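There are structures below to look over.
In the two assemblies presented below, chain A is common to both, partnered first by chain B and then by chain C.
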Partner chain A sequence: MNHINDTGNDVVVDVRDLKINIHLEEGTLTAVRGIDFTIKKGETLGLVGESGCGKSLTSKAILGINDRKCKAEGEVFFTTTTNGTVDLFQLDPRGKEIRGVRGKQISMIFQEPMVAFSPMYTIGNQINECTRLHITKDKKKSKEISLEMMKKVGIANAEKRYDQYPHEFSGGMLQRALIAMALVCKPKLLIADEPTTALDVTIQAQILELMKELQKDIGMAILFITHDLGTVAKMCDRVAVMYLGKIVETAPVEEIYANPQHPYTKGLIGSVHKIGTKKDKLFSIEGTVPLALNLPEGCGFYERCNERIEGLCNVKEPLPESIKDGHILCCHAHRKDKSSEGTKVSTEPIKKETLAKKEAQPAEKAKQANMEPVGTKKAGVQAGVTADIMNPVLETAKKAEGMSGEIGTAYQEGGKNE
Partner chain B sequence: MSDYILDVQHIHKRFTSKNVCVKAVSDVSFKVKKGETIGIVGESGCGKTTLGRCIVRGIEASEGSVQYTAKDGTEYDFLKIDKKEMKKVRKEIQMIFQDPYSSLDPRMTVLDIIEEPLKANYPKMTKEERNKLSIDIAAKVGLNTSYLMRYPHAFSGGQRQRIGIARALVLEPQVIVCDEAVSALDVSIQAQVINLLVELRKDMNLTYIFISHDLSVVEHISNKVGVMYLGKMVEFAQTDELFQYPLHPYTEALLSAVPVADPTMQVERIPLQGEIPNPANPPSGCYFHERCRYCIDKCVTEEPRLEELPGGRSVACHRAKELKLRGFAPVKKEA
Partner chain C sequence: MANYIVKRILLFFPTVLIISFVVFFIIQLPPGDYVNSLVASRTAEGEIFTEDDINELREQYGLDDPWYVQYGNWVKGIVTEGDFGYSFSYGRPVWSVIMDRLSLTIIVTFTIMIFTYLVSLPIGIYSATHQYSPGDYIATTIGFLGMATPNFLLAIMLMYLSFKWTGDPLLGLFSTEMLQEGVHLYNFGEFLQRMIIPTIVIGTSGTCGIIRTVRAQMLDEQAQQYALTARAKGVSEAVITYKYCLRAALNPVVSGMAGSLSSLFSGSTISAIVMNLAIQGPVLFESLKSQDMYLAGTIVLVQAILVVIGTLLSDIVLAWMDPRIRFTTERG
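== the complex of A and B ==
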């Protein structure tokens, strides 16, 4: 794995080659397939992608709070306040050391505030839990700290609210309380997993502004997970776009909106309707995210990509490469159009050829042409047998039906309905 | 025959328990022309969904009427008609639900789900006919027809929403109430489903009432938009007029909170003080006055009515004529 991660002094967390496997009856599902990223002090990294791409698993893996069925591999270097840089995966997941990190140095805001709180305890009690564990054993003092935090996040009448139960709070207030709970120990890294998805636009705007303000105060790093590109534009410094367990593109936020390179990023940005522009049709990426079970060789986005290059994208997995300062891309198609001189000469004809193929061949032939290179080349690489047999079949079947998605559950025996 | 396919008049819905009465919807009126899409926006708890359900008679409205012009040209008050007539008209007004995961019966195959409305409405139809109609409609919404014998759990969110759409369309309705039909989906899938809805509107000459809290989606799909606040319609206008020149301060604030999907642009947000008030105990006068930055004495004491203005807009604000409000206009961020 080539190392693209930045290793400066102010790096708070450095994730290297993180993989998460989930063992199921049907086989092993590779939810996260080797991702790297770093976050610096005071920086907000947006992790963007559709549901099922492994965003949430990644965030939970950093804290080591994933379900037991999920096996995480790789390295997560975190700069602790006490012990210097440690690999969180080397720590005992139930040990004392990681417990000193969780909640105190890395904390998390969960997606649904209604679910994240226990209905059995008062809000104050639950915020207090953090301070009592990590800051002070003194009950009075810890209550003071909690109250101060509640006021800071804009909960009016904090003294009264302190003794109330979650059901007495509205969604927006509860999210504020959750933020108070996450920030009460002044963490170095805050993981915000879709913190505003369940909220209304007006409340969402308030909460985002609040998070930004507090970030300035404490100087923490934020890992901001979302599928909403509007909030990303507002919140993040850098964006990592994730697809099917891989980061396909990373760039500073202005760059990613102004100059997206990966076809998936382009699709995501294109499918957001901008108010004030009149379009008959929104741009949409066809199909759905395939299930990460028995994944085909090559680029995970191949099936849905509109810039795919047959014989290359479905054979060789694109590796991350830096195309500009801070802009890292995982895509073959990019290199084919423009970039270093060496490749340009040799690849241009290939593209033309494939384009010509696409136009000339009727659907039937295209299918066959599609199958052959996959089959032959894979045999050469000695890839997984199941993937070899399954994918061309599925692919052709799907094309024949002219229909999108549902790879994971696609057994080809439907159609008995008449 | 009137120009309007739906004429919603003075809908009220009150929920009463022991000693509290919550006015979930109070005095909402609007008219819908055939082929139009009306967007209904507002924060959660403002009564959007209740309004939608009242219109399809999923719940009975406390007061009001919905004049509906049926396919054969007769007019009905949809909220008052008896069971026998209802049977005739019911199939022309359908609904698409918010959550594609809980709105499909997990113990029925997709074909059964799509067929069920036909069974209920055309009991004499043979199985073959039913199957044929269902398969046609499934193909139309982009479902793979060879997967129809499966159960909903085998489908992804976007596919399930397509099943919900197919179920609503199989009776060839005129009006569809879409209650947050795309809110639970990812952006790219959202775009697919919205495109499908737009296409179907053209093909089948449908009229939508599109309920959503997502303003950008509403702006894309709707011809007219109604803004609701605490059970009341506060503004109703053509989509582009509403987004460019809002007349109600609440609309202005709502528009200023829309996130702009462009990091170089920003909108100066108009902060709303406090939270949406308790609908069981609404404030005096204008319901919005506690949070409104243009509030005057009159707003505290007197309740503004939804007044029709020239140009087909209506607004419920005492100061609508004097205020110059800001529409949705992102500006370049300063470096």
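== the complex of A and C ==
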């Protein structure tokens, strides 16, 4: 692995060659296929990509809180406050050491605040649990700290709210409470997993503002996971674009908007406004589900790419390469040194008919059959795709987290459409 | 909350009145009455009854009135004097027949209840936290078998085994000596020994049912987002299991307790008959057979009242446990 990661002193977290395999009945699904990134102190890294590309899994893997079915490999170096730099993956996922990191040094905000709190206990109890675990056992003091944090995130009437239950809170207030819970221990790294997706637009802006303010206050690093490029522009310093379990392009935020290189990044940025690109989106989901179970050789984006080089892109996996200061890219078509490998530069995405022809080839067909043991599954996925057309591009991508959950959603939608 | 409880208690009285009416109506439904079954059994023994004899008997027992008059008298007796009527077959007031076996019934069924929860909760929790482990498979298999095996069959099997190994089928709760001398400290051990089979037999199906409920509920709760949030906070697995998941998983178990109060009073009839246990169940069975209507009516009525009380209690416990329910009860 060629090391492209920054290893300066102010690096908070350094993820190297992270892979996540999910063991399903259908086989092993490699959801994250070796990604590297670092986040510096006070920096916000945006992790962008469609749903199912492995963003959420990546974030949970850092904390070691993924489902038992998901096996993560690689290294996550984190500079702890007590033990220096530690590879979090070497720690026992149920042990005391990692629990001292979780919530205190790295904390997390989740996508759906409505279900992130237990309905059985008061908000105060649940925030205070964090304070008591990591800061002080003193009941009075910890309650004071928790209350102070609640006020800081803008929960009015905090004393009264402290003793209320989650069902007495609105979604926006719950997200504030969740942020309070995540930040009460002043963590070095905050992982925000689509923190505003479930909120309505006016609340979204407030929550983002709040997060930025608190970041300045505490000086923490943020890993900001989203599919919404608008939010990225507002929040992030650097952006990593993920596609099919890989980071395909990393660049400072201005650079990514001004000078996107990877065809997928271009597509993403283009698709925010252009309705015409919906067709690409439709295409993508059709490809994604079987691909993740049975990965093709070469670039994962090959079939959707409009700049693909036949004989190169579908043969050799593009490796990350620094094309400019801080701009890292995985793409054969945009390499600095454009050698004349490959035969043909195609400008059109592979059309459906071409795909169908391909499927008709016996070898391909057998492969296809292997990938999709149950007939209804394909129908389900396709129906899921049709459902997607109804929604604005990218907005559909919220849904559940974790690969298995997403597949399940697709099936459900399929059922509805039949 | 207090409002809610008062409301529920006020609702209690009309409910019980309606239940008593329905109970009495159903019990007198079958053709014939106690006199018929008495005459039938006596005739079989060689006695001869004339029409006048029968009418006289009927008058004597108060069975010549229409059933709603009988019902009125019965309810009046209960309300004014606490008199639940007269048991024809025992020849004594109903209440004294019931009191005979009440203490033993409560001891036996209470022991079984405690056994059930003590065994099933830990196994259910283990099964869920160690899903698909060998222990989980064993627990699940035993759970299925235990639910599917009829109690009386299990009783016969266990009695056979105990007879084969110890030479005593351990029939009934008391040995002959104990019946003569009464239960004292020195033979209390034997009483406990004799409790083992009934406890296992009657407790098994309930235990297995609760294991399955707890396992399914716990699995559900473990997959909830809040468990992940707690884990991300650095909370230990034990706290996640017991503070968060178990608390939420207990709701169906608690509502299931509503029915167990009435089974305390007269459950497991068939097993009790097979194992010769002197508890309330067989009495109900006999009284229904011989159309001893006041006895049967009283037992069923008490059962029904206990169901109503049990439901009330479990609702109160649920409201106390689950803030969401508390919230709606406070509003409503």
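Simple rule for what comes next: the second predicted complex is superposed on the first by the 317 of 418 C-alpha atoms of A that agree within 3 Å, B and C clash if a C-alpha of one lies under 4 Å from a C-alpha of the other, contacts with A are read in each partner's own complex, and residues count from 1 in each chain.
Here is the rule we use: a contact is a pair of C-beta atoms (placed from the backbone, for glycine too) under 8 Å apart; a residue touches a chain by one contact, two chains touch by 3 or more.
Being a predicted model, the structure only gives us computed values, none of them experimental.
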First, second, both or neither for A:Met181, with chain B first and chain C second: second
Which superposed partner A:Ile65 touches (first chain B, second chain C, both, neither): second
First, second, both or neither for A:Cys130, with chain B first and chain C second: second
Contacts of A:Arg99 with chain B and chain C, given as first, second, both or neither: second
Which superposed partner A:Ser107 touches (first chain B, second chain C, both, neither): second
Touched partner set for A:Lys151, first chain B, second chain C, both or neither: neither
Which superposed partner A:Met120 touches (first chain B, second chain C, both, neither): second
Contact residues common to both interfaces of chain A (with chain B and with chain C): none
Chain A-touching residues of chain B, taken from the complex the two chains share: 43-44, 111, 131, 135, 142-150, 154-159, 186-192, 194-195, 198, 213-217, 219-220, 243-244, 253-254, 256-266, 269, 271-272, 274-276, 328
List of chain A residues in touch with chain C within their complex: 60, 63, 65, 94, 99-104, 107-108, 110, 112, 115-122, 129-130, 133-134, 165, 167-168, 178, 181
Chain C residues within the chain A interface of the complex: 224-226, 228-237, 243-244, 247-248, 321-324, 327
Of chain A, residues touching chain B in the complex: 50-51, 156, 170-173, 200-206, 208-209, 227-234, 253-254, 257-258, 267-269, 271-276, 279-286, 288-289, 401, 403-406, 409, 414-418
